[in-house]
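Input: one structure, supplied below.
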Amino acid sequence: MALAQRLREVRRRSVALVAPLEPEDLCLQGMADASPPKWHLGHTSWFFETFVLKPAIAAQLLGDYEPAPERWGFLFNSYYDALGARHPRPERGLLSRPPAADVLAWRQRVDAALERLLTRLECNANDAICQELSALIELGLQHEQQHQELLLMDLLDGFSRNPLEPAYGEAPEQTFQAAVANPEHAWLGHPGGLIEIGHPAGGSGFHFDNEAPRHRVWLEPFALAQTLVSNAEFATFIADGGYQRPELWMSEGWAALQQRGWQRPRYWRDDAEFTLAGRRPRNPQAPVRHVSWFEADAYARWAGARLPNEAEWELLAGELPQAFGVLWQWTASSYRPYPGFVAAAGAIGEYNGKFMSSQMVLRGSAFLTPAGHERSSYRNFFAPASRWMASGVRLARDGAP
Amino acid sequence: MALAQRLREVRRRSVALVAPLEPEDLCLQGMADASPPKWHLGHTSWFFETFVLKPAIAAQLLGDYEPAPERWGFLFNSYYDALGARHPRPERGLLSRPPAADVLAWRQRVDAALERLLTRLECNANDAICQELSALIELGLQHEQQHQELLLMDLLDGFSRNPLEPAYGEAPEQTFQAAVANPEHAWLGHPGGLIEIGHPAGGSGFHFDNEAPRHRVWLEPFALAQTLVSNAEFATFIADGGYQRPELWMSEGWAALQQRGWQRPRYWRDDAEFTLAGRRPRNPQAPVRHVSWFEADAYARWAGARLPNEAEWELLAGELPQAFGVLWQWTASSYRPYPGFVAAAGAIGEYNGKFMSSQMVLRGSAFLTPAGHERSSYRNFFAPASRWMASGVRLARDGAP
Amino acid sequence: MALAQRLREVRRRSVALVAPLEPEDLCLQGMADASPPKWHLGHTSWFFETFVLKPAIAAQLLGDYEPAPERWGFLFNSYYDALGARHPRPERGLLSRPPAADVLAWRQRVDAALERLLTRLECNANDAICQELSALIELGLQHEQQHQELLLMDLLDGFSRNPLEPAYGEAPEQTFQAAVANPEHAWLGHPGGLIEIGHPAGGSGFHFDNEAPRHRVWLEPFALAQTLVSNAEFATFIADGGYQRPELWMSEGWAALQQRGWQRPRYWRDDAEFTLAGRRPRNPQAPVRHVSWFEADAYARWAGARLPNEAEWELLAGELPQAFGVLWQWTASSYRPYPGFVAAAGAIGEYNGKFMSSQMVLRGSAFLTPAGHERSSYRNFFAPASRWMASGVRLARDGAP
Amino acid sequence: MALAQRLREVRRRSVALVAPLEPEDLCLQGMADASPPKWHLGHTSWFFETFVLKPAIAAQLLGDYEPAPERWGFLFNSYYDALGARHPRPERGLLSRPPAADVLAWRQRVDAALERLLTRLECNANDAICQELSALIELGLQHEQQHQELLLMDLLDGFSRNPLEPAYGEAPEQTFQAAVANPEHAWLGHPGGLIEIGHPAGGSGFHFDNEAPRHRVWLEPFALAQTLVSNAEFATFIADGGYQRPELWMSEGWAALQQRGWQRPRYWRDDAEFTLAGRRPRNPQAPVRHVSWFEADAYARWAGARLPNEAEWELLAGELPQAFGVLWQWTASSYRPYPGFVAAAGAIGEYNGKFMSSQMVLRGSAFLTPAGHERSSYRNFFAPASRWMASGVRLARDGAP
């Protein structure tokens, strides 16, 4: 059964991700926006317990599962207001308890219950609750994959604050360096016109609610760069006064730069870069990473170009080198609902819909993204001053070549 | 000569606006986002001196003007980075000097110089500097009209913080109450399709750079409400728990609500409203005003509707009651550049272009807007948590009726 | 009658102090710790109305006074919790209303009522209410004199934030420069022993409650410097790395220095000094002024000396040059109650007693202090990081010479 | 050899203290003022390495010790400016590395080196370096004992922020409850006069520099309560509006109360108390604990009494029940140097001397204090708003009974 197999693999991977860590690392929270590894492990279990196991118990499909203590719901709820009060996000690093052993034991109980439930679910077309639970398990897996990426980028943030410059391991960095072929500097053009984007209704495969509905968009002729902006190119921008020239920046970005003292991408250190493998020489040919939208936007302006909008990116995703698996790519598009967007019902409706203000869309996927989690209609989003995610820069320009 | 006449009238109106004030009011700055009346008077003069008179002197078109002391440039520059350092905005209220008399004397010298300049400018088609100066004078007048509205809304903010509830005068409030007819609750539909918005190239009349270029947009069928949301309707929203139900709000808006203790529109006080005429009974039929984008968006969600996007609004502006002169209307559109947008060259390019992040567009105009300053392509913009401007709510919905 | 005469003179002086100001200056509040001139004028009237006129009305000694509107009590109460809620101190600069004219008219009504009251008061020894009201009028005058000094130091703070460097006038600066004789660098020694300080019970002349009771203190042999530390001496401290050497500073002071970027006394500017007469050349022989306790303490440590304690200062006050009329002198003493201290009853008890934590005592008086307001038992107090008052440094050392 | 024996016992106790903890607890930092257990373990080793082992190596008394990596000095320096830059205190909880195992291995190497050194030290009266090193070892042990208490109070703070209310263990709580006899409510009087306090020069036993020199103080007649204020008594204060009546509070304390929402002692929860043994019923007869100086001072005022000053407390310490081993007792004395105080030379001089501003003295010792660490001349000190230490309230009053 495919879902059961996926379930086992995805859940196992989360635990495998923390294997190289010291016990104290499990509680490390570098900043309010990030979460400790142990919290990610607990939260993803909470997600399954809350949105799958408890409804299954209510539907009398699962009688033999004992939920976690009630207060754990308070601790491991991320942001679902419909589910009541929750522990403040900036204080997740203070949760030295429950200890990792208890959180992992809970994971196992959740996994066992999910497997039992799956053996009982044999949905036919009319079995609404069965269909819904299957869909929620799939959502839980997608959710867990998102948290696998978050866990690694949060860890990088946390480690970056330690003067000892700890290393997590080689694997993610090898993925990144492998993906960095150096494509020709060329543009992929398109004549524009009335096109469609978004996940098609009835289309196959999973999608989040914010990727729908599929809808028409008018595009003027445009071209996208075939390659992401490299460290060497970004260094030229810096050498040309990129971080000293307000005319290149959004006013809000310039304020962020001054307040936070930005002078280069977040993890650049001298000629090196801080990575999950510790401090590493900076490869000039590798794509620049961990830049904010403000930096991406300023770079594009300096380069006489602009960032792509969502529709341009999605339209050409299939033909673009480095569209997936290297770095998320900032777009020129604010994160707003598609025409006709309807959030999912209930607490799950908070998953995406309530974040549609003051954030910018990123497209593609990154070297930290679990394999198979990418999709051309995928809409990732972050505040324009955020820099801790695996973000990069692809340029666009007006007019087909 | 039309421009000279307009110049005289617009400049005179700014001075007339401060006539009802006490001297101390001229220095009143209620919050960092607002500016004191005296600063508005100085800044608008600075704008003409900087962008018109100084270039005219450089072009040897004006030899008999003595600019203000150099440090005044530091004090009265608003946000033009290209023109050097400037006095911090939150401290404008600390500028008890130069005294009002000196600022007003400067205004007169600027006005006299502008009039002299105008008599010398007789542009023919090939006279670039003359064309440019005329355009900059027009820009200065549009700019001054914007500041006339800012002056009044900033003053309302400042007065609202005084327990004595001072009154500015009756005039603006009379304008507002006169405009408040109570149109039928009806919808104006449109079938959508490929339409155009934006100021046409070569079109007549003034426009800011951010209103261009005119461009095509695809719209799905939609309808706009013929009337703005009233105080009575908004009170129903509140009574229905509108400010207690997170599911109605953007996550960022809910955080703002909690942090700032929002429980109703900013100037509601018991059954009254604080206005430029002081505390006044709240007219249930009048449009609700001084709400943030977050409140407008939450109200629309509660009402089973949504906010209009820019294109929808502009397309129907000509047919919509209360499109102009009552309240600015929040849209669902983030403030971003139109396809093909090019900012003006030089410091003037900072006028609009550098604010295109984390703000939302408002359309129309308000009872505080100077007559004749409105335009269907006009793009006003504020941060989504701002509430001190004359903003209101017009609903939209999917599907033509 | 002496009191009536004093009343007239003291109250008149407050109004005279604001004569050189521009109207907008009356509302100038440079920081949360300071208050606008108009507020000082209103608050001192409020003090008399609250603590003298209202009790006099209650005692049927004054039937013909109409108090200010009730909300003015909210605006002009400084910190008396027993008298109910009050307008937040950091927002006093927002009170453009009531306008100065109304505040000054109120002053006149208060003055007239006080004069009427005084003609009716002819106290004999048994007339408790009469005695009490006379004492409260005297307290009101002392209070007003304190605010005359506060008004000027607050104004200096406000003007110092204006890049135009406005000048208030010559008078205070002339007082300061006149007082600056340059006494020999010599020490005045004392063998110590069991001595007494504090205002004696039954002693003549006014004193605040915090100056009593007179009490015994044991002192070891000590010496006080005959002169205040000069600008030249302080410049040597700076040149010797005084602001770069943490070992000279209290830990809390070093944190303040770093956070606020202290590199010299607050009003030093290049080779000049910002004063109430505007920017003036810095006289090397003049005493250094506007230093925090942390700076005074660090200087003393650097000089191999220490600050005097309260008892040492008071004991020798009569023999010390520059004890009064130049600058308040920081002491080594925390502001705490004398043994047996009893705060006055009622709201007046809040005058001094509730500030006895985390502040340091200053002794003497300054060039801004109204003539006749000084006293050897006077205990002035400020937080150790404050720098806007007229403070200077006198050194002390262990052992009589 | 006594010192070697003490060394072994004190060092062993630190490690024993963390035995009951989960690995993640070792990195728990509840607030900026507190430090994680692992940091305390590392810092105390750093102290010995820095102030004993490195000088011993320099003096060629110890050739076989390899110091920790240089960056560890940056991480584990607490506040010694003379020793260079250091890791910011609020971020100690981010140091998931070095892992606990490495920190403990370092401890063992330091202990072994100290033991080797001790066997080589046989001081005669003329051997200055030997005398100094022995004194520094003793200082290191006293320092380590202080950190043993800090470790427990910091842990209580950290655990108190976890909704699961974790328990550390029974031992400290048993000590507290055992010590709580309920002495009669009686006063111990003294006629005052010229007395002496402070550690005598040449006196036996260890003392910190801030306890010297011994000096004379004049005291008026006074009495101290024989018992600490109990939970029941403090509850009466609360019931009488203690936290709602500003007249009982220092102005600064009232501001703290409002800002932080104080309504009761920090660890009171309903009818229970949060302790190192988890949530426990609150014993009405037990002394109230974890109150700030502001609360202690307000309580004393409410009770018609006052807090003792340092000299009163020290003079009677030998006769007072509950002077030691129960709770530190807030005094009325600001933490300032004794007359003639001289800080130790070099970096060690930063131990106490630079904290002598804006803090209040506590006397005695607490149930968390290691046995044998108490002393009648001991001066503990904290900021008046601090509540996380084991502080209690003893009353004083004027006049001998």
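Order of writing sets the chain letters: A, B, C and D. Residues in each chain are counted from 1.
Note that a contact is a pair of C-beta atoms (placed from the backbone, for glycine too) under 8 Å apart; a residue touches a chain by one contact, two chains touch by 3 or more.
As the structure is a computational prediction, the values presented were derived from the model and not from experiment.
Asker: From the centre of chain C, which other chain's Cα mean sits the farthest off?
Answerer: The chain farthest from chain C, judged by C-alpha centres, is A.
Asker: In angstrom, rounded to a whole number, how far apart do the mean CA points of chain A and chain B lie?
Answerer: 37
Asker: For chain A and chain D, let me know how many angstrom lie between their CA-based centres, rounded off.
Answerer: Going by mean C-alpha positions, chain A sits 46 Å from chain D.
Asker: Report the inter-chain centroid distance for chain A and chain C in whole angstrom, where each centroid is the mean of the CA atoms.
Answerer: From the centre of chain A to the centre of chain C is 59 Å.
Asker: Which chain A residues sit where two or more other chains touch them?
Answerer: In chain A, no residue touches two or more other chains.
Asker: Throw together a list of every chain pair that touches.
Answerer: A-B, A-D, B-C, C-D
Asker: For a test of understanding, state which residues of chain A touch chain B in their complex under the given definition.
Answerer: For this pair, the touching residues of chain A are 79, 81-82, 194, 215-218, 220, 246-247, 249-254, 293-294, 297, 332-334, 336, 339-340, 349-350, 354-358, 360, 384, 398.
Asker: Would you pull the chain A residues touching chain D in the complex into a rising list?
Answerer: For this pair, the touching residues of chain A are 22-28, 30, 38, 71, 74-75, 87, 91, 93-100, 158, 161-164, 166.
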